[in-house]
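Both of the next two complexes hold chain A, though its partner changes from chain B to chain C.
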Partner chain A sequence: MFRRLKWIGVLGMMLLPALMICAEQRFPPPDFESGYSLPSPSTPPTRCLWLQYADAGVFLAALAVAVWLIYKKRSRRGLFWLSLFSLAYFGFYRKGCLCPIGSPQNVVYGLFNPDYAVPVTALIFCFAPIAVTLFAGRAFCAGVCPQGALQDLVLVKPVAVPLWLEEALGVVPFIFLGAGLVCAGTGTGFVICRYDPLVPFFRLSGGTFILTAGAAFLLAGMFVGRPYCRFLCPYGGLLRLASLASKWRVRVTPDVCTQCRLCEQSCPFGAMREPAPAESNPASPAPERKRLAWLLALLPLLIIAGAWAGSKLSPAAAQLDPGVALAERYARQQSHPARYGLMTPEALSLDRAAANPGAVLASAADMRHRFDLACWLFGGWIGLVIGVKLIALSVRSGRTDYEPDRGACVACARCFTACPNERVRLGLAPAGGESAPS
Partner chain B sequence: MNAKPPADAPVTRRQFLRDGARLMTMTGLGVAAGALAARSTSGAWVWQTDPAKCLHCGNCATQCVLEQSAVKCVHAYAVCGYCQLCTGFFTPEPGDLTTAAENQLCPSGAIKRTYVEDPYYQYSIDEELCIGCAKCVEGCNRFGNGSLFLQIRHDRCLHCNECAIARTCPGQAFRRVPVEHPYLLKTTSR
Partner chain C sequence: MNTSPVYRAFALTAWIAGVFCLLVCGVMIYEHFAAATRDPWTSPRLLALREKLAAEPKNAALQKQIRQLDLEFRRKFRQRLALDKTGGWLLLGGALALVLAAGQAAALKKPPPLPQPQTGVRELAVKRASRARWSLAAVGFAAAGSLLIVRLGHTSVLPANPAAWQKLSAKAPEAPVEDAPALSEFQANWPRFRGWDGSGASAPASKAVSGILWRAAIPLPGNNSPIVWGDHVFISGGTAARREVYGYNASSGALLWQRAIENVPGSPPKVPEVPEDTGYAAPTMATDGRRVYVLFANGDLGALDFGGSIAWTRYLGPLNNPYGCATSLAIWGNNLLVQLDQGGSRPAGSKLILLQGASGRVLWERPRPVPASWATPIVVEAAGKTQIITLANPWVISYALADGNELWRAQLLENEIVPSPVLAGGLVVLLSPSARLLALRPDGAGDVTRTHLAWTSAENVPDIASPVSNGELVFTVTSSGMTTCFQTRDGKKIWEKELETDVQASPGIMDGRLFILGEHGPLVTLQAGREFREMGRIPLPDKFVASPAFAGGHVFLRGMTNLYCLGPAASGLAQQP
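What follows is the complex of A and B.
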């Protein structure tokens, strides 16, 4: 009996170090006698680096071709084929990722999170279209963006959106841009990518919500030209701003505008604006000037009010972050225990929080601080957007001809061939108008 | 009417504002791009899941944007005990230690069990069949050596800017890793 106990003791002494070292390996790997060689797990490589640079090269080349087609060739047909190529390459081949629409998030995430180094390709995708737009208008939207190309394809019968609705919905992209950058800057997530309704079509898979939203956008896109670009796309908002300062712009007519309004009907995106009537009486714009002055005075108030409202939004917005949401659920669980199913993600994450509550709560508190500042800025941004929109609506345009609105024009080149003077230039119509023999 | 102004026409206020805005934006873009490019990486980042943090919840099978998740089970053979009764392969109380379907834990029959020598069996994953549900990972980690674990397979991954699984991962096991080292494999020297 004693001998057996001693034997067990010796065995235990021998096993103890083994247990301490191989805490994970409950069953030691066998020594094979049959000459069996251990396979190693396969690690299929990711897409090689030079292909990613090739993508960026194709992107830059497509931008250059788009500019050439708009300004030199003035060719809608060429732009159409270019946009089909972009749809095939950046859309269906590259599955819509990485696209310029989401790339500002990478940039902002990189600016606020030093651990993340923004890839060079993301920088190119983000900055190149903006730089091009500063000189040549929204050539990216016209010929390179796969989302725009897809919406252009489904456009059947464009109806005119009332100007008031167009201008009112026009602030949505900027608000979405602000929300996306807040989420990216705090490190919560890339919401612009998550709620891109057209990318699921490129991937041919996606969640119910986003597929429904995408289908709704495409259905609406049959009658409203490019609804996503005009009323939601945050990058479109950025390019709209850049386009306001562009050096060159799309000109409908090669020389003289006859004010025939044909171009106005040819634009499916409501970008064509009629000439602002020349002021005959210098005293008449006084009320307009007064309104402008009031709006300029209102702008700081709007920003302050927005910032205040935004700071109130912070606790709710912080819930978007999974870490904060977990911390709150953990705190709730302490006071009002709820039962979650065994091995469900909810229960598992609560277990993780319970194992180390200090770390989870501390990181949540840090994230809440980030959100405090971000929501403050976000609210101010919304105030600024609304204020500037109101001011922009009150500024006289000084147009003498039918011209595309600088910001709204996506440079799709549809209006070129609608202009009778352009048709004369191209030799499609006889010169001289009525005097020509019929 | 639409004639261009002569070249020596004075700069209008609008033109001045426009030029100024363009100059400022270009400067801003240049500064931002330069600052970011200075500490930028030539390569990209890819998503990967850390097996040390994975809680085997099953989200990977359902949350990926792909119909067939890009996350698959991977087997670290060097960690494996080559058990006859593999708790990653067999249901908790198998009627028989055979590869009959009712004994298998894997819902898609993606684990192949082959005899090596008495009493050892090799278990390998058929990636075409694996759906990334982590049932075997849970079984292996709870009772065995933990040689089965989940990894994003980069030949399947679409490299979304934000991984859809990462957002819902209860263990926050997903993170961006440099493309030079795209896998976080389990080894014996843990």
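What follows is the complex of A and C.
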């Protein structure tokens, strides 16, 4: 069976260059007699439709293999090689695009802009990992995400992040997700893609800010496991939610937990949680219940306060849109004329605005209106995220064994072989040996 | 401490790789900041030179200096790109070595875990949750603070309420709008393909047309039809190498000027290949009495004044049309309408554009859900609106001239759409080539396919020539010369007649006479009435595929090599070189 799979894998690798050869632009650019070759207007260059479907097929197959490796084979080694393949294919070959992390923006942009039809491949990349997570946990993060694979590669000496800090910073991805969807919905841009700090490494190119941020993440990633996934990735936030409701979950031990804590040491992502002991004094939870009640009452207030604060952000946030920024510059020029150099971007944009100011201002007014609503929602979303997290931190867990946190576990399978029972199952340790204390 | 040689080898490799990465990073960072001084957009040296050139625009030495400096910046920019690329790969390799070596060294150094049973788990969990809540609150405050800083750092000068927006828009200076000639002037001339309204019918003129008044040589080939304004006749001609506009005197046929349309910004020097039958100058020009407008198959659009000086040019390409662009320009008031339908069997960037004639500024642009077509749009006043009627397989689509918004559409067309529509008796009469003659009521909204079709006829349906109407009757001519007369009201056939001549040009009506131009001559004149009556035939010594133009009682014809003016019996043929 394994040999057959190996041959299929080899055949697949041989077919990859053929796919690249077949990639051609639908509308060939004009030929220049000077020999100048026209650069592609997009990165990565556009692909013909069937190659996009082929990408989606590879993606779905990788997801299926990841689930198989986690649940059937329980193989860290297999996941490692799968993540290397994903890094090479979805990262360096496909240059990080299309990837699930940015795909929710395509969906939201399509929802709010009827002129844009969401590509089927974008829908597959967006919803397939979520669907898989609802059944099998974060298999996408484990072996298919190139960003995750890159961070796994650079992890040299993991240090534990205090759990209280981990929990607090865990809301940042949801805030980033909200900001990204606001920008996509208003048509301003895909900021999740623009500010993805790891994609520039796949493309070997990027702006100063984003390259610096990427380098910082990778340097931090040498000591903190997957910092981008845990503290910034908006899609990771979505998968974290989906994983909480997943039908199956990763189990460290194939047998009874011996509570040896070896798995706790093996997880570089701080996802392992200790058992929660039963309360010895039944009267003591009263203050906790009181706090929970207060927080539940506080939740609507936090949402309203967030929405109000968000609405105040609207005039500034709208300037993220190039059309609004141009209208601002134009209006400012009317009241306080500034002198720009000849043929500078500022001067050229002002010329463009002056040619049809009515249209520029009308477009800016429309965008401002969109941002008014979007910022209300964004502020309310931040309030909701913080409120729900506060409530979650006030609810007691009923864990009896050492288990990975359902949301935080990226199903990387590192903890499997740390468990003495798993080692017995694999024949790496003798059954009933000293390594399994009672 | 681990002192094994393997560990030391890994540790040493990690150190060397780390130093290598730092060196490469250092060089790249230095280059990055050094390059900022060579940015052509911000270089004080280049900006100063440009300012100086603005004051002395004809200073050739200054121009040369700017070009050299610009070239130097570009060279250095490309060098930097190459350096970045090499540096990127070196860094990637170094980082990989660093990570692998450091990882192995760390693994060798790591003591095996020996966890102890945990005590006080409950207290620890409570303490941790409490800390987490406080730190979460801190994150919330940090987020609020960041947003506050963003808000304070980006003050807006745009007004908050709609009334103030309108005030600001009103204060904004609009581009000057020049007066358009009166409608009567458009009607008296032949300002676009098939006359001012695209109907093929001319203003009444009682002159007889019995012979050639003059003929004039055309320098370059083209299939576009003549347009006429006052004492001027305009046509265009073009090849892959050169594309020109010609201005003739309408009275004498003298070539007043010829002007090449070249060096259009953005237009590539190598033009697309176009089938010989279509050529590079198939679209008929248009004029608003102030300027003439021309479009070529390579996507070059130009405006010239009546003296032949170029007012503006724009590149609308590259055009993706399997037979080459042949849709003519349309004019309404002082605005120019360009229909650019593109794609083989599927839409590929088809669009409709309205431009301001004086400046070439785009007033609006609308995408079209259709592949390439070759019919010319008409602009009509119908149902209380100024509508643009466009044809392309499979849709007849009407757009509002004011804003380009779609008014209605009907899925009625098939095959390759060449004939243009006409407005006759309140109906839009159009052809689905070789399939049906159709009449539509232009007062609908949305999809009117099933609701607004007045009548259809499948008899003697042309594939190239457009229909023509005098209001009461509609006339069609097939490529083989079969001429058919229909009643406009209900599509009933009144008469048909085989003219025994091949026809490619669209027919025209002037002064109650129907003119049908044979591909190799003659010009057949029929009575435009309910009974067939041939009034005469004028033999012509050329091949004709362009439609005739009618103005001032004269008929202007474009042959393959000559431009002809026909009118009252000529005593002697005037021939211009």
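Convention: the second predicted complex is superposed on the first by the 388 of 438 C-alpha atoms of A that agree within 3 Å, B and C clash if a C-alpha of one lies under 4 Å from a C-alpha of the other, contacts with A are read in each partner's own complex, and residues count from 1 in each chain.
Simple rule for what comes next: a contact is a pair of C-beta atoms (placed from the backbone, for glycine too) under 8 Å apart; a residue touches a chain by one contact, two chains touch by 3 or more.
Small disclaimer: the values here were computed from a predicted structure and weren't measured.
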Partner chain in contact with A:Pro345 - chain B first, chain C second, else both or neither: both
Which superposed partner A:Ala331 touches (first chain B, second chain C, both, neither): second
Which superposed partner A:Ser205 touches (first chain B, second chain C, both, neither): both
First, second, both or neither for A:Thr121, with chain B first and chain C second: first
Contacts of A:Arg47 with chain B and chain C, given as first, second, both or neither: first
Overlapping contact positions on chain A, where the chain C interface meets the chain B interface: 27, 30, 32-33, 205, 343-345
Chain B residues within the chain A interface of the complex: 1-3, 14, 18-19, 21-22, 25-26, 29, 32-33, 36-37, 39-46, 55-59, 65-67, 74-83, 116-117, 120, 122, 124, 138, 143-146, 153-155, 157-162, 164, 167-172, 176, 179, 182-183, 185, 188, 190
Interface residues, chain A side, partner chain C - complex: 27, 30-33, 153-157, 162-165, 167-169, 171-172, 175, 201, 204-205, 208, 218, 222, 259-262, 264-266, 274-277, 279-280, 309-310, 312-313, 315-319, 324, 327-328, 330-332, 334-335, 341-345, 354-358, 361-362, 364-365, 368, 382, 386, 389-390, 393-394
Residue numbers on chain C that touch chain A, as the complex places them: 32, 41-42, 47, 50-51, 54, 84-85, 88-89, 92, 95, 99, 102-103, 106, 110, 113, 115-118, 121-122, 125, 128-129, 131-133, 135-140, 143-144, 147, 150-151, 153-158, 160, 162, 165, 168-169, 171-175, 268-270, 272, 318, 320, 348, 361
Residue ranges of chain A in contact with chain B within the complex: 24-30, 32-34, 36, 38-41, 43-47, 49, 52, 95, 97-98, 102, 105-107, 110-111, 114, 116-123, 127, 130-131, 134-135, 189-190, 193-194, 200, 203, 205-207, 242, 244-247, 251, 253, 255-257, 322-323, 326, 343-346, 348-349, 351-352, 398, 400-401
